[in-house]
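Reviewing the structure listed below.
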Amino acid sequence: MTFNQEHSIPFWRDDRFWKIALQVIAVVVVAAFASLLLYNLNINMQRAGLKFGFDFLDNQASFDILDSVAPYSAIDETYKSVFPYSPTDNYARVLQAGLVNSLLIMVSGIILTTIVGIIIGVFQFSDNWLLRKGSELYIEVVRNTPLLLQLFFWYSAVFSQLPRPKERLDFFGALYLSKRGIFMPWPATNPLLWFSLGLIIVGVAGGIWLWFWRTNLIVEKGQSGQTQLWGLWAIALTLIVVILFGLGWAFPHELTLDPSQFDARDTERFAACVAETYQVENLSNPTSEANLALYSKCLWTGNFEYGLRLSLEFAALLVGLVIYTAAFIAEIVRAGIQSVAQGQWEAARALGLHSDSTMRLVVFPQALRVIIPPLNSQYQNLAKNSSLGAAIAYAELYNVANTTYNQSGRPIDVMLIIALTYLSINMVISLTMNAFNRAVQLKER
Amino acid sequence: MIATPPPSTGPIAPPPEIRDTSLNWIKKNLLTPWYNALITLAIAGLAGLVLNNFLRWAINLDGDPNKAQWNVIPANLAIFAVGRYPDEQYWRLWIALGIVAILAGLSWGVVARSVKLFSRNVLIGLAIAACICFLIPVPISPWRLLSVTMLGLVAGSAWLGQQLGRKVPQLGQYTSFAWLGSFLIYLWLLGGNLGLEPVRTGEWGGIMLTVFLAIISILLCFPIGVTMALGRQSELPVVRWFSVAYIEVIRGIPLIAILFMGQVIVPLFLPEGMRPDRVLRAVVGLTLFSSAYLAENVRGGLQSIPRGQEEAAQALGLNAPLTVSLVVLPQALKAVIPAIVGQFISLFQDTTLLSIVGLEELLGMSRSILANPNFIGRYAEVYLFVGVLYWFFCYAMSSGSRYVEKRLNTEHR
Amino acid sequence: MLNWRSLLLTALLAGSLAACATPPEKDSGAAGDGENTAATAEGSRLDVVKDRGRLICGVDGGIPGFSYVDEDSNYSGIDVDICKAVAAAVLGDADAVEYRKLDSTERFTALAGGEVDMLSRNTTWTISRDTSVGLEFAPTTFYDGQGMMVRADSGLETLEDFDGKSVCVEAGTTTELNLTDKMREAGVDPEVKTYQQADPAYQAYDDELCDGFTSDKSQLLARRTTLSDPEAHILLDVTMSKEPLGPVTINNDSAWFDVVKWVTYGLIEAEELGITSENVSEMEGSDDPTVRRFLGAEGELGEGIGLESDFMVNAIEAVGNYSEVYERNLGKDSQFKLDRGLNALWTDGGLLYAPPFR
């Protein structure tokens, strides 16, 4: 008689049994729950006459959306969105336009918020008491108030209160702010632009390479790196020249009415405007040279040409997101710098490094390892929070999708599209940041 | 400019501090080296300019229409607080607030049973709070008296809690259960039925709704969040996949889209005739959302528990469920209390998104007030006021949690 | 120390599990008793409403004259009166109505999901909504047209002037689509700002973020009174579309749809027969067989749609006939002083025409 241990344990006390049984139970519960939901969905959709499928994407959308980032197009003589869309296009196209608007805000937001966040974070280690306390105050205020409230504040209480087009704010003829939007300089599209852009990329890459080479020389070989420093200065100077003159910056230019094209109604309006603005009644000959020069304010149309036009919605969303996220990034940067042991600072000082070299060569590279993982989730948060643009009429993906579902009556389909798109955007951010993270992690031998 | 290393946290005691005269302090912190003086000047100038403009706008004694008109705040104070809750039922809310005050006082007394309760700072704080309560321009006269009474309740029950806490050491546990149990009473007081006149959730609003949504969502997300965290750590591949899928999908979608799903799509998935109330659907959305984040926080706690704990529990003969519920989970949850408080604060802020899907919580209520023809264009005033309210709640919670955390840490040393 | 704390935490967790398993039911029970009344898939909304003893009516809540909720949560307006009439006809009590404020973007899903029994939310009748969105349109209660509001000093006079100008519009509406069509027809390309909710849209217009605002003319007139300076705004003399507005129910529920349809017709018929809220009890004793049949003193008209035979008596007693409803909310007795125009009886040159009650 052999003692068979296998049979002495009842199956309900066998770990292996439970491992399999639990998984089977999990699958069954999830499947049952899902099929119940789908069954209900099916009934409800049939009852309401709703359909499922993505064929509606080919239908004409017939609603218009706001062009938020629109450079001037010399061919069409108007400001044209970077992703042109017209109401005759189909739903797929309008959703793509919304996606492009979302990506615009995400990319510009991530770049700006990183810069602002790092600056504020580093401010907290400043010698200057005011700077330190000021940045702390900023962080405490911004982090403890809801983002949506801040967005409403920026949109309704700040950007909506800009002056009317006629009294627009004019910054040296380069930047105009009014209720019509923000007009700013922008590179004009020509062959020179592409050449200059190429030059800039080569220059930046060369500069970075030179920088590392120089650091290496200083650290490993103890050289002064003076020659390389001159090289860096030369590259920087060239880049500045190229950026200033090589991109063909076009400045926004205000349009005035052409008196030679005046019809009776225009003349009447001009006279009315003069009467109101300059308190002059009964203009005898409104279109005479002298009068036109005198009353030029009334020739002003409120329209511009050249440059780039940003909508107030874009500006408010960008400012709100950047200021909000920067407070979190500043905290991350502060924690990262604090995580570098005290001894590292002292050791660097003992080696005779300047305070800025200590930061650059010793502290920051180590802090970066702590900073990057939480930075990843802040970037993802910013990407997701860009959907709040819907609340201030910015035509980003969620906003456009919401209108689409309304006009087409396809809640489930549209929702799936939104979910998948945001998931993939977040995945891209996450993968990029993880790759970056691996690059800066300590390479242990 | 950046020369100060962060303060040392190591075991070496810092050198004795040299007491500066105020002049020396200014010189050291604001003026040297030369560029710091410039920075100081620039910041001070900017701050002065902003403050000057703000004060000129905010202080409006002659009724200038271009300046701030604060009358929108006192005129709508009741609406900010409780929305369109019927006036004649306000007493129920006061009772609920009274219970909260008593419980808060008791808990405070119990926690602080070993120290002096009414130190000078606390007394000053109470006096300031009482002054604010007495000065708020409330149109309804009993309000001031009642709010001062609430403060009195807090202070009185704190004293009581301290006295009792010294005699009955288990009081801490009882107050925790009292908090949970009182939740049902609040629900009853707020919603009515069972002898009280029912008040539909459509009439709930303002701060009341905001606080209600945040608290009920964080409580409800606990079971799901902890289950998902355990599932993600599980050895069973199927369970792990489901948990990972849930957590990552929810965390990858904007909250506004989830709330929209809660409002519009959830009813489509339910059997006909079962139409959850609007506030409930908001709670569903918030709970689904925050449980995914909670799961990640709890996972952090689970990973911080040394493996030896689990092995020791197994050696003692505990089976897997008991090991998890008696040994691993309690330690893990305790380790992530700060993270959970942080999550609660962000959930509190996230309730504002419900104003987009049409609920009149604090922000939604202020938007309704702004749509009132009498108060058109008063954005800055209303948003500043609401911002200060949110800031106060969130700041109080985060500094409170830091304080408690510090106390708990020292107790264990 | 650590031990009882961990126990406490576990207990807290278990407690929250236990405590929170109950609140949702309690919450919904307290909030909307009867909302969870199960109805079979074949059952009609009519039975649901009768069982519940209350009508849930989706309204806008922000348009004076149509449906407006004041500071004391009182609802008024023509849309609200339709809800009241239906509640009076079905339940015998005009106050047995619960109003739900709905955005234009959420109204149809709220109806499809059964959150509201009917919409009375100035909804335009179109073929696509009637067929593919799954709605059923009761008779038009207000014939409207889409208009354009601008500031009086803007110099804008026709749609052609809108090139390069901006227009605010509420998302998810037919006006949004008409605007695009009409602007294309006029050969101009204005900038369109779409807002998800009405209030922010009008606020943006009031803040001069857009040069024009387009919506149904009646709505523009009503909303103008809520702007900071109503006198500074005018309506352009253009009509961009036909906008027949009326109550809506869900598709495939003919019993319920019939009730809403015939109560609405009943208000029009009452005006034609000269029955008002004041004389309705006398008229019950009238000799005219048409009147007697209509008021249920004779015949069994109500039975066919599952109501009491005197269902119209309750409705008329509660809100009056169509003329009374109109004049009280939009016409002579209101602040808007709108003419009847298209909304007069067919006998007076309008479009209102009720099929015979027999």
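Order of writing sets the chain letters: A, B and C. Residues in each chain are counted from 1.
Here is the rule we use: contacts are C-beta pairs under 8 Å (C-beta built on N, C-alpha and C of every residue); 3 or more make two chains touch, one makes a residue touch a chain.
Note that the structure is a prediction, hence the values are computed from the model and not measured.
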| item | value |
| --- | --- |
| Of all other chains, the one whose Cα centre sits farthest from chain B | C |
| Pair joined by more contacting C-beta pairs (A-B or A-C) | A-B |
| Rounded Å distance between chain A and chain C, as computed from the means of their C-alpha atoms | 40 |
| Inter-centroid spacing, chain B versus chain A (mean Cα positions, whole Å) | 29 |
| Touching two or more other chains - residue numbers and ranges from chain B | 264, 267-268, 271-272, 356, 367, 370 |
| Chain C: positions in contact with at least two other chains | 41, 109, 112-113, 196, 200, 203, 207 |
| Chain A residues counted as touching two or more neighbouring chains | 43-44, 47, 156, 160, 390-391, 402, 411 |
| Chain C - residues contacting chain B, complex | 1-2, 4-13, 15-17, 19-20, 22-24, 26-33, 35-41, 48, 62, 71, 73, 98, 100-103, 106, 109, 112-115, 196-197, 199-200, 202-203, 206-207, 225-228 |
| Partner chain C, residues of chain B touching it in the complex | 79, 84, 86, 172-173, 176-177, 180-181, 183-184, 187-188, 190-193, 198-203, 216, 219-220, 222-223, 226, 263-264, 267-268, 271-280, 283, 325-326, 329-331, 333-334, 356-358, 367-368, 370-373, 376-377, 411-412 |
| Interfacial residue positions of chain B with respect to chain A in the complex | 1-6, 8-10, 29-30, 32, 36, 39-40, 43-44, 47, 235-239, 242, 248-249, 251-257, 260-261, 264-265, 267-272, 345, 349-350, 352-353, 355-356, 363, 367, 370, 379-380, 383-384, 386-387, 390-391, 394-395, 398 |
| Residue ranges of chain C touching chain A (in the complex, touch as defined) | 41, 104-105, 108-109, 112-113, 131-134, 155, 164, 166, 171-172, 176-177, 179-181, 184, 189, 191-196, 200, 203-204, 207-209, 250-252 |
| Complex contact set, residues of chain A against chain C | 43-44, 47-51, 62-67, 78, 87-88, 156, 160-161, 164, 179-180, 269, 303, 312-313, 390-393, 395, 399, 402-403, 406-407, 409, 411 |
